[in-house]
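Quick notes on the structure that follows.
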Amino acid sequence: MPNEAQTDFETTASSEKEAQLLRSLYADFESASLTPLWTQREGLMPMRPEPAAVPAVWRWSTLYPLAQRAGELVPVGRGGERRAIALRNPAIPDEPYATPTLWAAIQYLGPWEEAPSHRHTQTAFRFVIEGEGVWTNVEGDAIAMCRGDLLLTPSWHFHEHHNSTGQPMAWIDGLDIPLVKQLDAGFFEFGPDEMSTHATPARSRNEMLWGHPGLTPIGARAETRSTLAAYRWIHTDRALSEQLELELAGHPVTVEPGHAAVRYTDPASGADALRTIRTEFHRLRAGTVTRTSRTVGSSVWQVFDGEGTVTLGDRREVVTRGDLFAVPSWVPFTIEATSSFDAFRFSDEPVYEALGLARTDLQPRT
Amino acid sequence: MPNEAQTDFETTASSEKEAQLLRSLYADFESASLTPLWTQREGLMPMRPEPAAVPAVWRWSTLYPLAQRAGELVPVGRGGERRAIALRNPAIPDEPYATPTLWAAIQYLGPWEEAPSHRHTQTAFRFVIEGEGVWTNVEGDAIAMCRGDLLLTPSWHFHEHHNSTGQPMAWIDGLDIPLVKQLDAGFFEFGPDEMSTHATPARSRNEMLWGHPGLTPIGARAETRSTLAAYRWIHTDRALSEQLELELAGHPVTVEPGHAAVRYTDPASGADALRTIRTEFHRLRAGTVTRTSRTVGSSVWQVFDGEGTVTLGDRREVVTRGDLFAVPSWVPFTIEATSSFDAFRFSDEPVYEALGLARTDLQPRT
Amino acid sequence: MPNEAQTDFETTASSEKEAQLLRSLYADFESASLTPLWTQREGLMPMRPEPAAVPAVWRWSTLYPLAQRAGELVPVGRGGERRAIALRNPAIPDEPYATPTLWAAIQYLGPWEEAPSHRHTQTAFRFVIEGEGVWTNVEGDAIAMCRGDLLLTPSWHFHEHHNSTGQPMAWIDGLDIPLVKQLDAGFFEFGPDEMSTHATPARSRNEMLWGHPGLTPIGARAETRSTLAAYRWIHTDRALSEQLELELAGHPVTVEPGHAAVRYTDPASGADALRTIRTEFHRLRAGTVTRTSRTVGSSVWQVFDGEGTVTLGDRREVVTRGDLFAVPSWVPFTIEATSSFDAFRFSDEPVYEALGLARTDLQPRT
Amino acid sequence: MPNEAQTDFETTASSEKEAQLLRSLYADFESASLTPLWTQREGLMPMRPEPAAVPAVWRWSTLYPLAQRAGELVPVGRGGERRAIALRNPAIPDEPYATPTLWAAIQYLGPWEEAPSHRHTQTAFRFVIEGEGVWTNVEGDAIAMCRGDLLLTPSWHFHEHHNSTGQPMAWIDGLDIPLVKQLDAGFFEFGPDEMSTHATPARSRNEMLWGHPGLTPIGARAETRSTLAAYRWIHTDRALSEQLELELAGHPVTVEPGHAAVRYTDPASGADALRTIRTEFHRLRAGTVTRTSRTVGSSVWQVFDGEGTVTLGDRREVVTRGDLFAVPSWVPFTIEATSSFDAFRFSDEPVYEALGLARTDLQPRT
């Protein structure tokens, strides 16, 4: 459909005759389901990423009470399947997406509630900012969920949740729903109506098999990502503490001074724990300011502990425990840690790396 | 924003009091940039792909004359950069995309015209259905374009075209513009205003280095896909003929009886010639009917020679030389070859394979 | 040089004239540095592996006292470099090799002794059957050695050992010395005469960085195998216990009923911890009899705890704590566990897998 | 067994008492099948490769007449299987090996002769220096052999040869017999006594399927290396000519000035055509002197055309058409091309690359 560029172009037509021929040509394009590139090039192929999404912040102090109210009013069950409330990027029209590729939601399960079994090609994880008492059963393996834990639901794995306590619990779901939707690659299947198990073990089977550092079980095949489905806070916390301890002792093992970080990976391959979503945990010493960086692709962060100021392009925000924020593609991004600062991060970087589209620009320290 | 599902849900509220609480909750969601999953699940996560794109056909007999008219009226040059006319899927709103991931266009270059140098992270190729006389210079390597040839422009390679004859020429461009746009991964850069070369060699440098079957030049590093940038019709034609000849001699080397096919691959790795786009050529004996298949992801075909009937879901179309058609995700697809039938095909399958989302369903012969 | 086959062949010559011509031909072969295949084929290319090595057993009750005596009589230092005593396969002529590809030795370090720094392209590990008090410094990272631990020295890493106690300590060294010698690929370099460190930390740097299950440090690059250099008994023991526990609960996660096993792997890749040597730990319940298997390539086992009977071709031996035995290529091999039976195993299997020569024959249970 | 180093060591014993204790210790080592490292270290782990093999040259003018005489006197048939005469490195004791890992032989087939079917895990190829008329049938695919062609027999493929003319023919066989023998990985199996085919096609099936540059047959699976089994001289010659042509035009595409080279690779992967043997063809302009290099691992060259002088460590030799020479591990090596110089080369480099043991030292030009 003719846009401004075309209008300009018409104006430059040397004569009314030529303008008329052009109008006729564009009309014929339209009726033949054709669109000329020359009226669209800049929008289609910008000089650098111009994401529709904008930097966005969601406050835990807002999110959690709303999830509680939903817990009182909205049942969980077949159909809607989950009491999950999606973080919607204010600039993405019509779709409840945190970024153009990532879905983030707070999910809430009341006392003794259950969320029924289903599976989908969308990749998912849960990250727990507070609370406990829910087990997520992934292909029948009951996995406890506690503060600081990352729990995985790889593509096309049946999963269900059950709260085995009298307390409600909330956590963050991350999925690649927008990506899979754009790619028309989504399949969904309902599981049985009954829970596969009500077990509440402290330690899941996948942890018993794959949760030993550097030890691969010979008898158990690694059939799909990830072999390990639960990453416990005790390990994450220790890994970060030890990185900072080594840094203090003079070893250059951190991402940058005062900034420790781990990536959650599949022990069977060392690759990202999930195929389409990168998951990481970052710890900054109080006073650390990260180098400003721009990355192709988007990410969502959740503050786990402490307080900091994040700069997202032109926007500056103080964030604290539980707050989430989205970083769109190629937006300059910095964190300043007011206190010791712990944060969980997930992103779509594996997609770009797999397609040869990854690019990062790390700006020099000023 | 409340949709029909929600409205139903409200209706089932046990009391006006509860309905009011729900309305208040949804309003608070809205103002907090939140969207409940339970009102959206089916749209977001369908049981199987429900592509917005529809099967579509574009006729060469329509396309080429329109390109000619554009050739007379629209200059090529800085800004619009190319005289390319995109095939727009009738069901994709607002965007000139053949499918949700693929761009296809007819490009037209008049006598002695030149298209100036630029590069972009979008991956591109040209396929020639008829004509000759244009050279595409990829990073300064002049590559002749002739009927049946596939010419590559991998991501972030400078390229320009020059018509060195007094005859116009048209061809098909394929790109991953929609994919890169959705991923906010596009970078674009103008090259010098002058052509890097006006050479018109019959054989390009990349062919001289990499165009020998099974022979890798030791002194030349394979820095990027694809080492080989020109796939000549003489080789494609012979490869297909020899497959059918072997089939006649009793060797099961074809895709299915009467159906020979080759994939264009990078000699340095054996992988798809392009990172995000699969390119193939298919030849069917007269009378061959392919097995009906559904594939996640989309493809675009162009008939090179002969005539056939394609079935795309509920739609049946007779297609002949130069006609193009788009096959959306998971649409059942069959070709019946009326005569000996040659066709070029490109698709987004490498994307799905790289992300673990590939799925194909081959229906049994009836 | 003429062998028996050839002699037979000469006998069959139809005439004395022909025999004379043949003798003359063979003499001319000899003086031209040529050898006819037809007199050698069976020896060069047997129907199946005919290893020179034989099944062999070395008793800890013999080994350890001899190492002690060497500790009293032989100094450690420049030149010989290590007080290591190699297990020599009785059937390999002239060379101190446990198998045609593997070196195994007991190394002994007296109170307060030090073994100086060097590096070599040969890959090495240490496995500790008893004792403690020695630290092995690998590229300056001091790594404690305790019962049940596996410690790695990848190819071309500087390493040295120091005993920081008044007690002697002995352990098993495994290397690919025979393989590297046959391949003429050995390089060796002396390090500084002074220890790089006398530190005695309980936890080494590599463990602090890479010893957390499924957590990859983002700031530390994985430059070489293995990122993790110490595999502690506490983890190995727990992994094996949990496999057997899962088996009892009905999950098929063991190698075979009653037989748990782990492979030591590099957390950065999931591949074997060492490039040319596979390292594993096996645990059998009392009464378990393994299926008889034959594998191309050879292995060496050390009993860590318990007692069993091993069958190696025609040979049957009772083995107990500390005993070592070698399994040559394609020799049928079985273990019967008299008691609960723990054993460390190392083999050359990664070599065969990398070269496309791996083959295993698992015999049906009788 | 005590060697010179040990004797020295004994001499240094501080007393006769100690010397006696040492003698007793060594005797006990011996009877327990043990060998101390400190008497052996330098031999086992040299500072750099000290190959047993020496540089060696075999003259075509000697080889071919001896093969002819063998053709008159020695039948081909079951048992010996092939009339192949191995090039024996003069310094490798007892074994008919060109180098410690590579077997090279001239094979001779008289008029209308046949060599019966067998297969083995050893990898093999044939390279034709002169003559024609023999077809090698690999898994039933009849492949013509002509001057300049490389023909492959990957591991465990049945193969047989038949001379379909009244003229004898000779060629060079290359195999990894020494490597597979040292690794105890050899299996051998006789095929049927009758030829699978007597066909004499100009073009084999593997060429019809895989011999088109950059075109992968979609219907034919790449089951094993190599998909392509015949590399024809016409392609090799042209590839080398075009490299030199590009070099003249100012493009840095050769290995070094005046030195063009191609590696034979598997079109399905771009990797070496054979798993354990690298195969290459080199062309030097008259007057070219290659940079001196040392490489871990060994190679064998055969001059295809022209004349040159090779320097192998201290040895200098003029070599001409048909002459073969062996380059042991880490021996400095240079070629000076007296005339335009064409040579085929094969080596064991893929083995070292797969095991992390590859190392090359390219000396600066003087």
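By written order: A, B, C and D. Residues from 1 in each chain.
In this section, a residue touches a chain if its C-beta (ideal position, glycine included) is under 8 Å from a C-beta of that chain, and two chains touch if they have at least 3 such contacts.
Values in this document were obtained by computation on a predicted structure and should not be read as measured data.
**Student:** Compare the CA centroid of chain B with every other chain's and tell me the farthest one.
**Tutor:** C
**Student:** Please compute the C-alpha centroid of chain C, do the same for chain D, then give the distance between them in whole Å.
**Tutor:** The separation of the two C-alpha centroids amounts to 29 Å.
**Student:** I'd like to verify one number: the distance from the centre of chain B to the centre of chain C, where each centre is the average of its C-alpha atoms, in whole angstrom.
**Tutor:** Centre separation, chain B to chain C: 53 Å.
**Student:** Measuring centre to centre with CA averages, how many angstrom lie between chain A and chain C?
**Tutor:** So the centre of chain A lies 45 Å away from the centre of chain C.
**Student:** Which residues of chain A are in contact with two or more other chains?
**Tutor:** none
**Student:** When you check every pair of chains, which ones turn out to touch?
**Tutor:** A-B, A-C, B-D, C-D
**Student:** Quick check on the complex: what are the chain C residues that touch chain D?
**Tutor:** 1, 18, 21-22, 25, 28-29, 32-41, 44-51, 53, 56, 58, 62-63, 66, 69-70, 73-74, 79-90, 94, 96, 100-101, 103, 105, 120-122, 155, 177, 179-189, 225, 275-276, 296-298, 328-330, 348, 351-352, 354-357, 359
**Student:** Given the complex with chain C, which residues does chain A contribute to the contact?
**Tutor:** It is residues 205, 208-220, 222, 226, 228, 231, 235-236, 238-239, 242-243, 245-246, 251-256, 259-270, 273, 280 of chain A that touch chain C.
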